[in-house]
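Working notes for the structure below.
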Amino acid sequence: MKRAGFDTIWLPVALLLPQLMIIAIFFYWPAGWALQSSFFLQDPFGFGSTFVGADNYTSLLGNDQYKRIAWFTVVFSILVTFFSLAIALLLAVKADKVIRGARSYRTLLMWVYAIAPPVAGFLGILFFDQSTGPMTKFFGLFGWEFKLGVDYNATATAMIIVAVWKQIPVNFIFFLSGLQSIPRSVREAAMIDNRSSTRRFWDVTFPLLAPTAFFLLIINITYALFDTFGIIDALMKGEPGNNPMTLVYKVYLDGFRGNDLGGSSAQSVVLMALVLILTVFQFRLVERRIHYT
Amino acid sequence: MAQVSLEGIRKVYPNGFKAVQTTSFTIQDGEFVVLVGPSGCGKSTLLRMIAGLEDITEGTLKIGDRVVNDVDPADRDIAMVFQNYALYPHMTVRKNIGYGLKNRGTPASEIAAKVEDAAKMLNLTEYLDRKPAQLSGGQRQRVAMGRAVVRDPALFLFDEPLSNLDAKLRNQMRIEIKALQRRLGTTAVYVTHDQVEAMTMADRIIVLNAGRIEQIGTPSEIYHNPASTFVASFMGAPPMNLIEAEASDGQVRLNGYDGLMPAPQAVSGPVTMGVRPEDVELDENGSVSFQVDILEELGAHRLLHGTLADQPFTVMVGKDHSVHTGETRITLKHDALRLFDVETGKVL
Amino acid sequence: MADTTLDTPAVTRKPRRIRWETIGDHFVLILGSLLMILPPLLALTTASHDAVTIHREGIQLGLGDDLGKNFNAAMFEKGGFTQTVDGTLMLMNSFILGIGFAVGKIIISMMAAYAIVYFRLRFATLAFWVIFTTLLLPLEVRILPSYEAIQKLGLTNTYTGLIVPLIASATGTFFFRQFFMSVPEELAEAARIDGAGPWKFFIDILVPLSRTMIAAIFIIMFVFGWNQYLWPTLITTDESFFTLVRGIKQIVLTYTDSQIPEHGQALALAIVAMIPPVAIVIFFQNWFVKGLTESDK
């Protein structure tokens, strides 16, 4: 708040009202409702519901399929985060170094940000097409008969590759702006102190970039968990069957296709808890970030 | 034009910090008063209370004959120049200056004329259609002045308006602001931490320290008769020398030197003796020995830094004196010596 | 003497070396650029061929003859993928979602941020936390209950139901709050002395001052809204409310279903779905980067 704030009452209330109303109706009400219905068993034909306590949760934790999906989500998130960060960092370091064409490279490397995840997934279908896809042929060279949507590992690989591809631009933009905000004098001091550019990178640049990297880590995990829905949905071509999927997809599947409201709500609550843990973690990192600057 | 009076004004922040202790003073109509003190002394809080940007915890504030404690800043008939100028970055100079008038419903033609006049007065005519970002620091300062002048207020408030300018421009603007205020005859309250600004611009100076008034007086009074060691060391560059000495039998003694100056009979025991660096003369036959360690050449003057009876001491001499480091002898001008209480720092 | 010493460095300067390191940098960057640009580009070239070729041979490197025909069919023929809508209607719906979301979000969050930052309100801190808690749970997490809420309100298959729940998060408010906090205090004080009340200050000073920020956030929000998939999939079952991205699902089904080989059209529509957000990001790059890197801090 500003030190000389206005004292009127009705105006700020009127200003806040739209936001508060939208949040109340479309955030707090649904979130509370999810929490409540996670303790009920919904009749599939809509004839009321029964209180079942924590049954939805225990059956969730005892469900092998759910465990398998959770495990896939973890592996998927780790791989997507790692590869998209690593590739973006490499590109950002190079883009920060070159003088000629720096701007063109920046444009070329970031514009994919604007492509919607399901559209990216659709491009994936094109490239991983079972009979004509170039990526399928590429994997064929190594003797891997790549069957998108049929073979579990093949579909998972395609999902990871497309998800990484889609996420590189965001990471690239943040890394580049992080690199560009390192003071010139610090770089010059490092150049005087150390002639090896590789050592300079690991001794000076990378530690200064660490806050950005921490922050991106959270962003990427969130992305892998939630924003990849469209990619996954497109790549499994509407046939969940035996295909790999993330936890969010499972919520959607059970809630909207399986009509298992209680189970789906319990899953939502589990996801909320997961996000809360991530956020607490993030806030702690944000505090750390302040110390860096 | 107006007289401003503060009666028992006090400011306590919600967190319990006492920014301004109970304070009373009156600023005469047309007077230029400078509030000076180190950062955190409460001078800005005082100014902002006068402006109405800060609530008054206790006391009565009058501008003219009107009690304005609860009057909105816009209705106090004041104008304020901020340290960072607070120009509206998206408006042209013309609009910046005229914005206050527009909000008061002044007719457009009248605004235009008044803005032109103010611009002429401040040499801003050719910049009227530029935006603040296209102006130099000094020009922005002038726009901020123009915004104040155009309103023809009863009271000008200045909050360290020159501290963002370089030294040369600061000297120039100091004179311009003072001249403008003289010409308009508007009462002005000016806050600064720079004692040179205080000395050169003020009709009267109010020295503040830790939320309290240390002294109110004309620049000359403040300089020559500081009411406390705080004022003595804050005002003047280099500051007044403060030497720990002993008073007894109506004499001030200092580590082997007797009879430096007469002391009031009632005083005995340790005292602080103050003397301005320029009130000391180099004198081969002087009674006091001064060990010079460093010479500082200032062009018109030279400063001799060293020790007197093992206490730091500075002497200022004219450029014609030949000076050297090492031991030298000095005389203190008797009538320029001041005595302060060691405990309270108040003048004796 | 002095002259010769000055000249020496020029004379003995080493012959210009080939900067292998720089070439390596460019190589990596070109490779990266190709990685990013090739997939959509090949989608475009492929879209210029007839359905049978695409179905048999897959991705095409060269330009074919059917680009115009495929785009024409995708945009103006009803019943390619859906029975009742053409690409033009979906494009319009996408713009309604993108612009409606961005504008609504900016207005609502600017007002809320202004109230939180510039007013002495007893419940400002409470309001702050009520609003900022929403940052914790993205829509995807609470998708099912949100859908239920919309259904109970009877807002399925309406633009309101499509747009408003997406606005129920604090990203924009947070962004504007950060920006307002960085605006010098004295500006509001000067405005108060100039006789501007809170509303006037907002409209005359703060909004014009935030122009760049508004532009930056508009771009990000437009792209975000345009690219929404899960929410529109749930909330719009009536095809006349389909956005392009929502329609991707139909496109995918068409593409993978060999019974209706409308591959060229499907690709053309996917490309149309990419163009507006991509164009806005490329043309307003600086604002976009500024908005992105500053909003998420």
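Each chain gets a letter, A, B and C, in the order it is written, and its residues are counted from 1.
Just so it is clear, a residue touches a chain if its C-beta (ideal position, glycine included) is under 8 Å from a C-beta of that chain, and two chains touch if they have at least 3 such contacts.
Model, not experiment: these values are computed from the prediction.
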item	value
Reference chain C; chain at largest CA-centroid distance	B
Most central chain, Cα average position	C
Busiest interface, counted in C-beta pairs	A-C
Whole-Å separation of chain centres (CA-atom averages), chain A against chain B	58
Centre-to-centre distance between chain C and chain B (centres being mean Cα positions), rounded to whole Å	55
Inter-chain centre distance, chain A versus chain C - centres from mean C-alpha coordinates, in Å	16
Contacts with 2+ other chains: residues of chain B	53
Residues of chain C whose C-beta touches two or more other chains	189, 192
Touching two or more other chains - residues of chain A	3-4
Touch list for chain A against partner chain C, complex	1-9, 11-13, 15-16, 18-20, 22-23, 25-27, 29-31, 33-34, 37, 87, 90-91, 94-95, 97-98, 100-101, 105-119, 121-123, 125-127, 129, 131-134, 165, 168-170, 173-174, 177, 197, 215, 219, 222, 226-227, 229-230, 233-234, 237-238, 248, 251-252, 255-256, 261, 264-265, 268, 271-272, 275-276, 279
In the complex, chain C residues that touch chain A	21-22, 25-26, 28-29, 32-33, 35-37, 39-40, 42-43, 46, 56-59, 108-109, 111-112, 114-121, 124, 127, 130-131, 134-138, 140-150, 153, 164-165, 167-170, 173, 185, 188-189, 192, 197-199, 201, 223, 226-230, 234, 245, 248-249, 251-253, 255-256, 267, 270, 273-274, 277-278, 280-282, 285, 289, 292-293, 296-297
Chain B partner contacts - residues on chain C that touch it in the complex	184, 186-187, 189-196, 200, 204-205, 208-209, 211
Of chain B, residues touching chain C in the complex	51-53, 72-75, 78-80, 82-90, 99-100, 103-104, 147
